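In what follows, subunit A forms one complex with subunit B and a second complex with subunit C.
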Partner chain A sequence: MSEGKRYVARSKEIAARRLGGETMIMSGRDSTLYTLNEVATVIWEAADGTTPLDEIVTTKVCAEFDVTPDEAMRDASALVTELGNHGILLVSDTPIAAAMAARATQRGA
Partner chain B sequence: MQELIAAEARHNILIEVGGVPVRVHTADRGFVELLENRYTGFVGAASRAAEFDFEIDLQAPGSDPEADVSVRREARGWTFERGDFRAQWDPAARRGRIQQTPNPYSMDSVLRIVHTLVLARQGGFLVHAASAVCDGKAFLFAGVSGAGKTTISRLAPSGVAVLTDEISYVRREGESYRAYGTPFAGELARVGENVSAPLDTLFLLAQGPANKIEDVDKAQAARELLTNILFFAEDPESVLPVFESACDFVGRVAVKRLTFVPDEKVWEMIG
Partner chain C sequence: MGSLMSEMGVKALELGIPLSVQLDLTYRCNERCVHCYLDHHDHGEMTLAEIKHLLDEMAEAGVLFLTLSGGEIFLRKDFFEILEYARELTFAVRLKTNAILVRKREAERLCELGVENIQISIYSHRPEVHDAITLVPGSLKRSIAAIRFLKSYGLKTTIANVLMLQNMQDYPQVRELARELDVEFTIDPTITPKMDGDRAILNLNIEREALHRVFHDEALVGDVEEFCRPAAAADEDEMDSLPCSAGHTACYVSPYGDVYPCVQFPLPTGNVRRQRFVDIWRDSEQMNEVRSIRMRDLPTCSGCGHMTGCTRCPGLAFMEGDMRGPSIQDCEKSFARTGVPSKNLMAKRPAGAVGLVQIQGVRIAVAGAVSA
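Our next item is the complex of A and B:
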């Protein structure tokens, strides 16, 4: 993959519940309901804003599921892009906590 | 002067659904009588204190008569609007005002919206479902229009109390849930019985060639329950608790798929 690092964090404007192997997420923004399968659930739960996506794929997805790194990264990127477009995940090329702190600093300047 | 005093006379009626007494006040005695008939079994004693009071102004709101319902949170409470009514409600002050045409269906809609918002804060919801009490246990029968809610209600044997054939009232109670009777009727055109009972099972209705009951996994149960829950508000503070309640509900109450033929024998499988 030629992409740089991407960081993902769960939005605070949602509610999520794990039921069986799936995770159900409701967007508080538009009341849309999303269901994540087991693989997507692993990415969702690891989306702490500080662990890069490629590390989540390598250490979590590839470790738990029978999938090649390239395939897992491709699927993870598509998932992250889609959930990011719907505001369910925050996606950034810098750690999310750091990016938020930087914005706060800029606002305070 | 006497004419002025007469013009100021107000009448009221207390409508209590799910143990939440709502009093409506109007200058029109005839409208109160209309509501007394409409909410038979759910009218509380005049001396009873109300949780919320609404003043009704029986005038068309002047908005587009075809407008869909809209429920908005505003600086001081909520505004509900549809072609036939406009209501403002301040839950903190426990008061509201409704401008509506003089028909009970507008009142019905306002009450449903109020109850969905009250229940959202209490871990409950209104759901498109028939419900009934059998041997002290409540059963819900959820489904879209045509799924069989009214049919299963009609088939209920004597001794079964039908709570509603259309809109069920569900509230968290301790570690479980309780279903309450409602006056919100469907094709049965009959108000439910004003009783309540702990919920035993939610049946997701389907019609088929034979009666059968199947397990439903929790994620699917939550999805289908959410599809049937009534909710009108669009703000996250209200929507997300309803989602949480639905997920919590499927973790505590058995959810099954009930496929049935329209025959009273289906009730032998319930309970």
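Our next item is the complex of A and C:
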């Protein structure tokens, strides 16, 4: 993959809870409900805004699941793009500070 | 989202997770609604530290949907600290309030913290009716002003319209008010007994004819024929089904830390000041008794023709004296909806009163079942 580093952070605008191995997420924008499988849950929980996505894939996903790094990175990229589009994950090419995630929670007004 | 929500409920049930909890932060209130089931004195509310500890335990136990209610939640001076902490723990928070203390600043803070829904009680579009129920002059005006503030910040808001004798005729206008304000509308035709068992306020319940009108109002129920059709006979799966989610995926915690299966089911199961929340949830003898009950275990209701369509509330049945018994208020609702008396209603009628009306009701049911 030729793309640069991507950083991901959980939006504070959501509600979320582990349910078994999966994670249930409710969007604060429109109360839409999402469910993340076990692999996506690992990425979600590691999305601290400061760990690059490729490092999450290498140290978490590939370490816990039987998957090649390329395959895992491809799936992870698609996942974070989709979650980013729904506003439940913040995606950036620079580290994401906690304050930025907090500002993203402000709605309406 | 409906099916994903159902899947989540099924999974929570399988895993024994309390997906939804209502936590009342206080029983104190700045209104004195004539139908309220609570005692408004403070008998020792949990402190902020105790509530934060409880929220930690509930998050750990898997609670996602957290309803903060009361009493009036905004009477707690630490309310926003509680809410902020709950949101840090990523609960989906719903609020129930009269909102008369909500102004621009409060609405802005609620918006910042991300509340899923705010439910506000409105009894009538007429101040003389609403304020006569809350016993607070000016309360309707203030609650509506609050709704406008909340809407201006994009917060999802619901008007809850509890029906009783005093306001029964006003619900179409309250519904219209909700439309004007661009908020959701929900209606509840049931006044419940006080938590201490006092049933005097049940006299405020709307009469059978009025209940019939509500259930046959197309604007409320949609397809009236379908809504009011008598239930089909129960099959084996339905006989093995659960009476409701209380104690299975939901429970209630009082301001004093007492845990109950539901806010309408005052069966004490433990106290979070003395025990861990999850230990009460999993191991309480009372909670497990509630959990053990299936529809086939209900001596009267399992033999009633309404079983599959009834809204029977185990908590109301408990307050009538038997958690496995019928709830007369739900029997009345089934009768008002379908015109067919429940097994319980039939049994309660004095022998001399058994007559044509009852027979006609049964005939209607048979005809309905045949035509269906």
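In the analysis below, the second predicted complex is superposed on the first by the 97 of 109 C-alpha atoms of A that agree within 3 Å, B and C clash if a C-alpha of one lies under 4 Å from a C-alpha of the other, contacts with A are read in each partner's own complex, and residues count from 1 in each chain.
Throughout what follows, contacts are C-beta pairs under 8 Å (C-beta built on N, C-alpha and C of every residue); 3 or more make two chains touch, one makes a residue touch a chain.
Remember, it's a predicted structure, so these values are computed and weren't measured experimentally.
When the two structures are aligned on the shared chain, A:Thr32 is found in touch with subunit C, with no touch to subunit B.
Set side by side, subunit B and subunit C differ in how many residues of subunit A they touch, and the one touching more is C.
In the superposition on chain A, subunit A positions 13-15, 17, 19-20, 22, 24, 26, 28, 31, 33, 35 are in contact with subunit B in one complex as well as with subunit C in the other. The part of subunit C that touches subunit A in the complex is made up of residues 1, 4-5, 7-8, 11-12, 15, 17, 19, 59, 62-65, 87, 90-93, 108, 111-114, 116-117, 152-156.
If you check the complex, the residues on subunit A that touch subunit B are 13-15, 17, 19-20, 22, 24, 26, 28-29, 31, 33, 35.
Listing the residues of subunit A that touch subunit C in their complex gives 12-20, 22, 24, 26, 28, 31-35, 105-109. Per the touch definition, subunit B reaches subunit A in the complex via residues 217-219, 222-223, 226, 231, 234-237, 239-241, 243-244, 247, 250-251.
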